[in-house]
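Order of writing sets the labels: A, B, C and D. Residues in every chain begin at 1.
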Amino acid sequence: MKARRRFHREVEGSDPQEILVEIRDAARAWVKTSDGEVHADFSRLPDGRTSVILPSGRQLAGRIAPRPGGRAETWVGAHRLAIRLSDPLRELAGEGAVGSAAAEIRARIPGRVVEVRVSAGHLVSPGTTLLVLEAMKMQNEIQAESEARVVAVECVAGQAVDTGAILVRLEPRPAE
Amino acid sequence: MKLLVANRGEIALRIFRACRDLGIETVAVFSDADRAAPHVTIADYAVRLGPAPATESYLSIPRILEATKKTGATLIHPGYGFLAENAAFARACADAGLTFVGPSPDAIEAMGTKTSSRVLMEKAGVPVVPGTTRAARDAAELADFGRTAGYPILLKASAGGGGKGMRRVERSDDVAGAFARASAEAAASFGDGAIYAEKLLDRPRHVEVQIAADRLGHRIAVGERECSIQRRHQKVVEECPSGAVGEEVRAGLYAAALAAAEVVGYDSCGTVEFLLAEDGSFYFLEMNTRLQVEHPVTEEVWGVDLVSEMIRAALGEPLSFGPDQLVPRGHAIECRVYAEDPTRGFSPSPGVVERLRLPEGPGVRNDVGIETGSTVSIDYDPMLGKLVVSGRDRAQAIARLARALEEYEIVGVETTLPLFRKLVADEDFRSGRFHTQWLDGWLASHGLAERAATQEEAVFAAISRTVDGTGPYFVPGSAGPPTRWRHAARLEGLRSTRPTVGAPRR
Amino acid sequence: MKARRRFHREVEGSDPQEILVEIRDAARAWVKTSDGEVHADFSRLPDGRTSVILPSGRQLAGRIAPRPGGRAETWVGAHRLAIRLSDPLRELAGEGAVGSAAAEIRARIPGRVVEVRVSAGHLVSPGTTLLVLEAMKMQNEIQAESEARVVAVECVAGQAVDTGAILVRLEPRPAE
Amino acid sequence: MKLLVANRGEIALRIFRACRDLGIETVAVFSDADRAAPHVTIADYAVRLGPAPATESYLSIPRILEATKKTGATLIHPGYGFLAENAAFARACADAGLTFVGPSPDAIEAMGTKTSSRVLMEKAGVPVVPGTTRAARDAAELADFGRTAGYPILLKASAGGGGKGMRRVERSDDVAGAFARASAEAAASFGDGAIYAEKLLDRPRHVEVQIAADRLGHRIAVGERECSIQRRHQKVVEECPSGAVGEEVRAGLYAAALAAAEVVGYDSCGTVEFLLAEDGSFYFLEMNTRLQVEHPVTEEVWGVDLVSEMIRAALGEPLSFGPDQLVPRGHAIECRVYAEDPTRGFSPSPGVVERLRLPEGPGVRNDVGIETGSTVSIDYDPMLGKLVVSGRDRAQAIARLARALEEYEIVGVETTLPLFRKLVADEDFRSGRFHTQWLDGWLASHGLAERAATQEEAVFAAISRTVDGTGPYFVPGSAGPPTRWRHAARLEGLRSTRPTVGAPRR
């Protein structure tokens, strides 16, 4: 088993850090970061996780769980961690840019729209309730997360909506 | 003998375990959403009720009674939620010649409407929170109460429980809107939109007393539980005993709880809930005439099996302990593990449980209703299970809770586990300084976002992704040097929900 | 999902009992035994087990675990049971005759072809190794299951293959 | 602070859990056979020792000491087995400046040789089983003892434990052969072939007393355990308390155990084992100067955490309880789940654990060292883990044990679970009528073969096989008489590591 990959770790407020990995054999990986080079021991676990032992003896076991939209969750032990590893080679190969100017509020679970509180043109602030969605027998108030203007409301009260359905389109506006 | 559990999830499993201990055969009922659920596949018998919606399955009295006929079940346990506090169901069971494992229909009815139970308690001399004593006709009636008693007030569903149909109201302008929403929610949850109002106590604790009783006249208070860690009036963490209760208050609570149970001739296991003010005064909240979600903390500390006792009592047998035979020991804490996203306002997180790893070892008890691969449906309450830890004292219980939470892995749906991991490290929680409004404030001021990876963890992630990319699990294909098309294959693998699906055929 | 199979349950000291199974749809099976006919409900469980509910309501969950030497363990709940079910139809027809005339040997998991031992025109017998596939760090010998002739080899040594990839095409020939 | 566990399997996990409760970081060591084992993948740090054979890994003192240096571990816990009762190891740890979590090397040494410990006990006034007081030079010496004391006698390894190097001898003709075999076995197991002889008591019970002590002079007897269910002198089921011990005998056992511990200045957790005769007289067997496999039954009944106490004591802290603070409650039973085939003379059954489903719920504690997919190696003791159940009394504990055993699934390797399922239903076991030779007799007269499938189960099997055959899972042909072509298909399925490889689509 041999492989080599180059990752960029994206850290907010600073330049991405490069992490270079070479799998040397079935149990050894060579890793180069801005801190230097290390040899690490790794093992695939029977449940699909990977265990890595660093030169210090530090042992980490976890897995990368793929998610829709090309995302992946990084789990170490029982924790899901915040980390962004991009792969510049891949990006060259054609992955589209994620993110756009207009925010779309989507249903994260299937449910029924009970009430719509805003309409196009409304200015909303963090915490403003946009609409109420009933799901799993609970009334969930869907709220704005930032200062924004409502561009369009894409649902009506009483409507059943599926996961991912766009409910409201917002456009960012600067906080006053 | 066969016992049918008219419920699902962890509580059905809990009751089945008690049945096995007693040598009783188990009968599960299920909706189409639950055909492959653990409560079905562990049962000796299983009967389909109907489609996923509860009204057509777990709330359908005729279908449940039909299931007892089909299997010859003579005992029926309602669990909690669904039909557990439905007097008509208890009556229908009796009419069908079944033994209902719970109190009499009259007791359920008397305690089932919060407004009428408050009147009953006042008569019995049990203190109640100031409030209206009947369902409000309109918002104006509630606003009247607010003016008299002073804001904030709390709107509550007469038929309610579990925080549903409950709304805190700060000022008279908000009464109408809150009434409408609470009533709609109550109607949806309980089929009854009746709402009443109570004065909101400042920083009270929720303390409740466990009652165990049989049909031979024995009735015992089996300790209290501390349930003040609540999110929007829904219990999140429960403990036994309560650190806020001294011996004198405890004796008062027991006496009040036994008086409440006495009034309705209570002859099963049940719980009397109180609000405890900072000055030690307490007020009757309601009596839950059923098995409580958080019963395990009492079981661990008091060394009893409440579900077995409940079944024995229903069969006319005496409690297996007398009032002086029980001695509490140590401390127990329960965390309710929900498929909810604590970083997004606790919105429900249905989906497939890709990975489940339960904590084990000393002081750890798991009551869960899922297994790896289970689908968490949007049709029901999103509770996955309960983690119950116990220890010699509260400090050891907390240490073990922290340890168990580090072992507890659920991947695939969002859960409340990250909340508990933060809570268990919180100084106020550790020192027991909290009240029923404490968690809502804590949540407003504490982030639950994922921790940023350390450098070591980043190295782990990079190695793991590289290994996955070349290994047999994640992305098919050879382990040779990457080329552009193979990268595409990896991306494809990442996008698919299952590691081996969707890669382009070569 | 439709299938039909006829089993003989071998019971010591008496004649084998016939059990006929027809899978009617994704959840219903029809079963005929010497006791009569029943419709049973079944469901595949996420962990690979199967749950069956009989007309009486009786629920059984378990699995068939394959074992060396063509044996299989029957697990119901936590118990492994003593039971012998044979399949006379399969014995008459041979494995290869089920379905189409030409058998396709496919990869069931992704891997790498290490070695190809046959080429078009070869006559193979049960047990003849066709090729060696490396997957999950193990070398797997892929063998013929019946008397056959190699029609085509669809892979080469060193090639990475994906789940479902056709490796070799065979055509049945009668045993001598 | 970091603690290294010089062990593997369930006991390493048990000790790590105590470390987490105490806020101590965990260091695992492993052989090449255990790289992917749970005790490694749960640890904060992990260090490879060497190849699979224990002499090159878990028994290698230099490599273990090297691992403490590499990781900065200052505490070391030996678990049980391997180096747990090796005084030289305890000394080497002290010399390296490490804190050994266990008693002093002198105490280990004094109790390590059974013959010398017997002499010590006699001096301290603790009754010992009549026997020789030094290692036999030859068979004749043992035969002399047999003539004097009367047969049967028991040959035992001076350095021994766990039934190894032990032989029952019925008559003088058999002494020479038994001595040769016992000595060879002892040499292989302990590196010391010394053998002595004891009079064999008729139908005795094995009862042992748990000692908890610290380095500040506190020493407490934490109840007794009943370990009479043995197979060839190896414990199989353990309980707390012992049903054979009345209050008077119990007081005598505690006093004798404390006297034994006193003699060697014992300052950690340890166990003093006794044989209890039917008339209530008891005899010192040996003292195990380490954590005992069956310590959890004491923990459950007495509400203590013996491993935490052991670590605290090693750090110079006092026991966290006084002699009068502990009150036992209820009953606990432990079953040792081994990868052994009880239908084939308990021969080891290495292999891959295809499926593991642990029992859960009230009264169930799991201490296991495997997970689904784990490989059970032939290099080590085949214990997979321990099932520990507790209940209000022995009857409830037994009911819960039966329930837990019905939930406990291990597929892929043979285990002792079928034995426990039969035992738990046995009248003699249920009524507590057994002694150390009882199980051997029971096994000789009770079959453990699989139960024949009922007609319902046959229907299940037929449906399941049909569904499997059309679904994504591989099922080899029927279990009927093999034919040529089907045989090949089976071979093919078998040679692949996973059942789904390579079989042609149908």
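Keep in mind that, in the parts below, a contact is a pair of C-beta atoms (placed from the backbone, for glycine too) under 8 Å apart; a residue touches a chain by one contact, two chains touch by 3 or more.
None of these values were measured; they are calculated from a predicted model.
Looking at A-B and A-D, the interface holding more C-beta pairs in contact is that of A-B. Ranked by how far their CA centres sit from the centre of chain A, the chains are topped by D.
Chain C and chain D have Cα centroids lying 41 Å from one another. Note: centroid distance chain A to chain B, computed from Cα atoms, is 30 Å. Distance from the chain A centre to the chain D centre is 47 Å, each centre being the mean of its Cα atoms. Taken residue by residue, chain B touches two or more other chains at 42, 406-407, 479-480, whereas all remaining positions touch fewer.
For chain C, residues touching at least two other chains, in rising order: 44, 47, 58, 109, 135-137. Across the complex, chain D meets chain B through its residues 13-14, 17-18, 20-23, 42, 296, 299, 303-305, 320-321, 327, 329-330, 358, 360-368, 391-392, 396, 399-400, 402-403, 406-407.
Across the interface of their complex, chain B is touched by residues 1-5, 7, 9, 17, 19, 21, 23, 29, 31, 33, 35, 38, 40, 42, 44, 47-48, 50, 52, 54, 58, 60, 62-83, 85, 87, 89-90, 92-95, 108-111, 114, 132, 134-141, 143 of chain A.
Note for the complex: chain B touches chain C at residues 27-28, 35-36, 40-48, 67, 70-71, 352, 371-375, 472, 476-480, 500, 503, 505-506.
Interface of chain A with chain D (complex): residues 27, 41, 43-47, 49, 51, 53, 56-59, 61.
By the touch criterion stated above, chain D contacts chain C in their complex at residues 354-355, 357, 405-409, 411-412, 417, 421, 449-453, 455-471, 473-506.
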